[in-house]
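Read through the structures below before going on.
Two complexes follow with chain A in common, the first pairing it with chain B and the second with chain C.
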Partner chain A sequence: MQRSLMIEPVKCTGCKQCEMACSMTHEGVFNPARSRIRVFEFHAEARFVPYTCTQCAQAWCQQACPVEAISVDAATGAKVVKEARCVGCKVCTIACPFGTVNYVRATGKVAKCDLCGGDPACAKACPTQAITYVDSDWTGLERMRAWAAKATATA
Partner chain B sequence: MGWAGKILRVDLAKGSCTPEPLNAKWAAEYLGQRGLASKYLATEIDPKVDPLSPANKLIFATGPLTGTAASTGGRYSVITKGPLTGAIACSNSGGYWGPELKNAGWDMIIFEGKAKKPVYLFLEDDRAELVPAGDLWGQTVWATEAAIRAKHQDPQIRVSAIGKAGEMGVMFACIVNDQHRAAGRSGVGAVMGSKNLKAVAVRGSQGVRVRDAKAFFEATTKGKATLAANPVTGQGLTTYGTNILMNVINEVGALPTRNHRDVQFEGARKISAEAMHEKRPTDGKANLVHNQACFGCTIACGRMSQLDKGHFTVVNRPQYWGASGGLEYENAWSLGAAAGIDDLEALTFANFLCNEHGIDPISFGATLGAAMELYDMGVITTKETGGIELKFGSAQALATLVELTGKAEGFGKELGLGSKRLCAKYGHPELSMSVKGQEFPAYDSRGIQGMGLTYATSNRGACHLRSYTVASEVLGTPVKTDPLATEGKAALVKAFQDATAAVDSSGLCVFTTFGWTLDDIAPQIDAALPGGWTTQRLLDVGERVWNLERQFNLAAGLTAKDDTLPKRLLTEPAKTGPAKGKVNELGKMLPEYYELRGWSKDGVPNKDTLKRLGL
Partner chain C sequence: MKAVILGAGPAGVTAAETIRAHNPKARITLVGDEPHPPYGRMAIPYLLSGRIDEAGTHLRADPDHYRNLGITLKTGRALGLDAKARTLALEKGELAYDALLIATGAKPVKPKIKGLNLPGVHHCWTLADARAIAALARKGEPVVLMGAGFIGTIILEALALRGVSLTVVEQADRMVPRMMDAKAGALLKRWCQAQGVKVLTGTSIAGVEKGPKGLAVTLSTGKTIPAALLVVAAGVAPNIGFLKGSGVKAKQGLLVDAHLETSLPGIFAAGDVAQGLDFTTGALAVNAIQPGAVAQGRLAGLNMAGERVADRGQLAMNVLDTLGLVSASFGAWDGVDGGWRSAALDRDNFRYTRLEFLGDRLVGANLVGIGPHVGMVRGLIETGTRLGAWAKTLKRDPNRLPEAYVATLAGRRD
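For the complex of A and B:
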């Protein structure tokens, strides 16, 4: 089974545990500025929205890369940056419609979510289950279940 | 490791920013944040200094766990000599600003002197720069944040700022970050204003390291599980916020009402957390929109509220129609019960304005309550108030005066003196419900005896966050004690004071102690820092910090005579509820407390005590 990160903003409180888990996993340091998942605050609406790469099936970033530094992890479906090959040209950051691949000045390479090799740290760290790692073919399952429950309750 | 190891010294008069290494010896003895910054302050300033003079210093300090993944590891404190109290001041704030400072590579910033013209400090990792702030002077906290982000073209900058209240020397002006998180008490914002310092803007990208990442992950994960399983930190605070206490404390008969004339408020239900969840009849929406966490917090007690657009406070004022920081228990009490007001929307509006203009809602609401009593007695009339009818229960007066006080205009300027100076000015000093000049928070010590001792001995004046014995006396954490008994309270207060001083020095939030003891906290600190950190070592830090603060206050001129309560609480019995007929029996607790502390009968630490603590 392949899995995807599922994000439910209504459950997010803006604590940024996901950003810290991400930066610690990838950089060995707590540093939200280097996290590949970011929580956005929409203050006037009281909404907090975690956002990261959706791992497009046909990934713009991968197709744009002139040195084939972005490849697919066959086990997880993640589009992964090979740092050794990346030349920091930033074309992928332009190609990505969602902005989820970004240049890192400190390394001279780009960085993006790689699903932590199939065990994403952000999902594990989220205290409210706003970020979960679920069956890619059934990201709507829990919503379906909720509606199903509602339908039988009123029947 | 844990500590960034670096502090920034800003000489505002010279306009210089100079980095220096963190004093590692002091860090080992005082941990960080409250403790460590107090050590710097006590060493560097004359305790007798005028708090609003250039000779006072203003320190923004993080703790070793600030900016880490420890639950609630996002706190910072502002330490200075407080103008409201003349005592050492230490005000603690959450939000995202503290971790940003740490992430920029700094443990603390020490501001010295006074800038010739208004400035703000801009920190981008190692780069520190004082920027002219003439165009920001007079602006609100909210406008200041927006203007600084626009100017530097960077929406990720975090800003901690004062409003006009701080500039104008309102005695309970606070420092606000992230719209509605505040270093709230003792007038730290007025000190910032007196230095012509408008804001501290920070952007960090260096990262925070810990000594042993694996051990830290294990200890913090275990800690989070403990908080999640605890009914208070896992459910109560998350769902209802701190205002879940409104009905509870009212039932106990310890809800100070109308300037402590009463101990129960007939309108408590209407301003409770439960009421915040209910749909308004006017627009069908609830006051509460969502909860919000501060950085790293897995409790998420923060409230985000939205006003009824048709409410009289915000009709035709769309700038207040969006969601912002909602009522916590303290604010719901101070803006509500303390002045006898039960209009939830008006309270929420007043809370927004306290944040926007940078004033402490506790001292503001309590001072308004005192002014209402003076008005009720005929001592203050509409002549003094500029036509405002200062009647207990008037939401109109609250809405008008919160704005005037925030801007230090009209009668708001008088309220900005704080209750001690206001009541003295009108010849009734006994009506100021304060200790050492700082107004009480939301617990009447006639109904919760231990809180009387807590208030009387608090090093920053009346405060619930120095030893929250309510946890034991009302909520039964960690052990239930009788709120009306005085036996054992001296030891209880000392234990809470020492543990809290340690937590306040770590970067963690004191609310974790509903679910954690120092046994839960020590392994997290130990994994982050070198040198071996145990529960006992944290208790030693706490006791050392407490005595250091005490020494500072004694040197500042405070004495045992200041360790007392207003006459009302010592002589006027509670009229209703479980504490009916009771006064606070401070005299039964205080001598025992001094003895347990290793202090003389006059409240002065003995030589042996100081030696034992390395002071």
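For the complex of A and C:
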């Protein structure tokens, strides 16, 4: 059964443990700026929204890549950047309508969420279960409905 | 079903794969006119700067990719087509088709300027061009680049990274004039000059002759500068010459409907050769960008395979890295009638954000020195998301766009 990250902003306290865990896992440093998940802060409403790639079916990033540097991890369904093939052209960064592929100056390549190969560090690090790694079935239509309901509730 | 795809760039390869995914029995032939596995021209600058080898330019990494999919690769150049008989004439033999995709892309334009046929003058378009340029663009050698449009500016970086002494000559009043406004163009120019590249805007090349370094390039100012290499990046034009008399209707490129079909049934076009639906204007345009070519290739493939899927229109967009300064443009970056704009310029830090709106919807953007989440601009434009109160926030500070996106759109995605 494939699994997906489920994000429930109402449970997020803005602690940013997810950003720290992501950057440590992928880059070996505690640097939220290098994290592939980002917590958006809406202080006026005291609302925090963790935000990252949904591994969308359209895979805009993968389609746009001119050198096949983005492929699907068969085990997790994640769209994964192959650093050895990425030339740093950045076409995927403008093609992804979610804005979840970013260029990293330090490496000259792009980076995105790869679900940590099936054991996402952000979900493990989240102390309030705002980020969980659950069966994809649940996160599909149900997630959309849940999102819509929450968006209405907190607006 | 016999599907013939003429042109082995991103549009052609994507179309071939899409047809295969929807029709396991189709006989698919992919015809290219260069003696290499299908590759991406987008990757050539990175080949020139030494980041990748030629294999790194290949559109698909696995050498057996096409064979595994039962796609026959053929090298040849088309001479014309007989739409009634449904045959495509190649230099050697002909190919019969039930559905034909023309994905022949574009070719570089050579302006009518004296001396552009001399040795040492090259376009930067094919792998063969790249090899010729690599042989001449040696460290310290004087190199002149004609044209600072989008393609010219991408080549600019590759040449500069090779350590040549580079002069860029652009006849318009600024760099990337069809992608960026004057403020953005000025930032790019100042940045490039600070990196040691000479940028001459509002200047053209009057003529080229043989000279002590190989070439002597005379400018419209009357000054003559030496060059070991002149790279011509003065625009491209769709490759449609072989279709003369075929009955396929063309203006700037091959006119296609929302199903990527040309004026002749069974003949489709996609990529840089196609003049298809533009998302912003609703008119037919040659957008000639990588993501658009892939999207059109996929749609053409679906329609050739018998799925009726309509194009919503391709959004013009580009991203550029000029020696470390990353910029991007989207859609109606120069604004629309009845619209309004929000712009923030930070000259010292080479940052510029210009957002164009119609009502409370984003319709275009110019961005220099961009931060993360740039793709959100596409998301907001293509979904036509109503920003509501966030439009007022963005009017005060256009750099808060990512927050506006998450607040308004992220809740409804999937």
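Definition applied: the second predicted complex is superposed on the first by the 139 of 155 C-alpha atoms of A that agree within 3 Å, B and C clash if a C-alpha of one lies under 4 Å from a C-alpha of the other, contacts with A are read in each partner's own complex, and residues count from 1 in each chain.
Keep in mind that, in the parts below, contacts are C-beta pairs under 8 Å (C-beta built on N, C-alpha and C of every residue); 3 or more make two chains touch, one makes a residue touch a chain.
These numbers come from a predicted model, not from an experiment.
In the model built by aligning both structures on chain A, chain B fits alongside chain C without clashing.
The wider contact with chain A, measured as residues touched, comes from C rather than the other of chain B and chain C. Looking at the shared chain after the overlay, A:K16 reaches chain B, while chain C stays out of its contact range. Once the two complexes are laid over each other on the shared chain, residue contacts for A:E27 go to chain B alone; chain C is not touched. Once the two complexes are overlaid on the shared chain, A:A75 sits clear of chain B and of chain C alike. Once both complexes are placed on a shared chain A, the shortest Cα to Cα gap between chain B and chain C comes to 6 Å. Judged by the document's definition of touching, no chain A residue lies at the interface with chain B and also at the interface with chain C. Partner chain A is touched in their complex by these residues of chain B: 67-69, 71, 96, 99, 103, 156, 179, 204-210, 213, 217, 224, 228, 289-298, 300, 302, 304, 306, 322-324. Those residues of chain A lying in contact with chain C across their complex are 38, 40, 42, 49, 51, 54, 56, 60, 63-64, 66-68, 85, 87-91, 93-103, 105, 108, 140, 143-144, 147-148, 150-151. Contact residues on chain C toward chain A in their complex (touch as defined above): 10, 14, 40-43, 46, 51-52, 56-61, 290-291, 294-295, 298, 317-319, 321, 324, 326, 328, 330, 372-379, 382-383, 402-403, 405-407, 410-414. Residues of chain A that touch chain B in their complex: 13-17, 20-21, 23-24, 27-34, 43-48, 125, 127-128.
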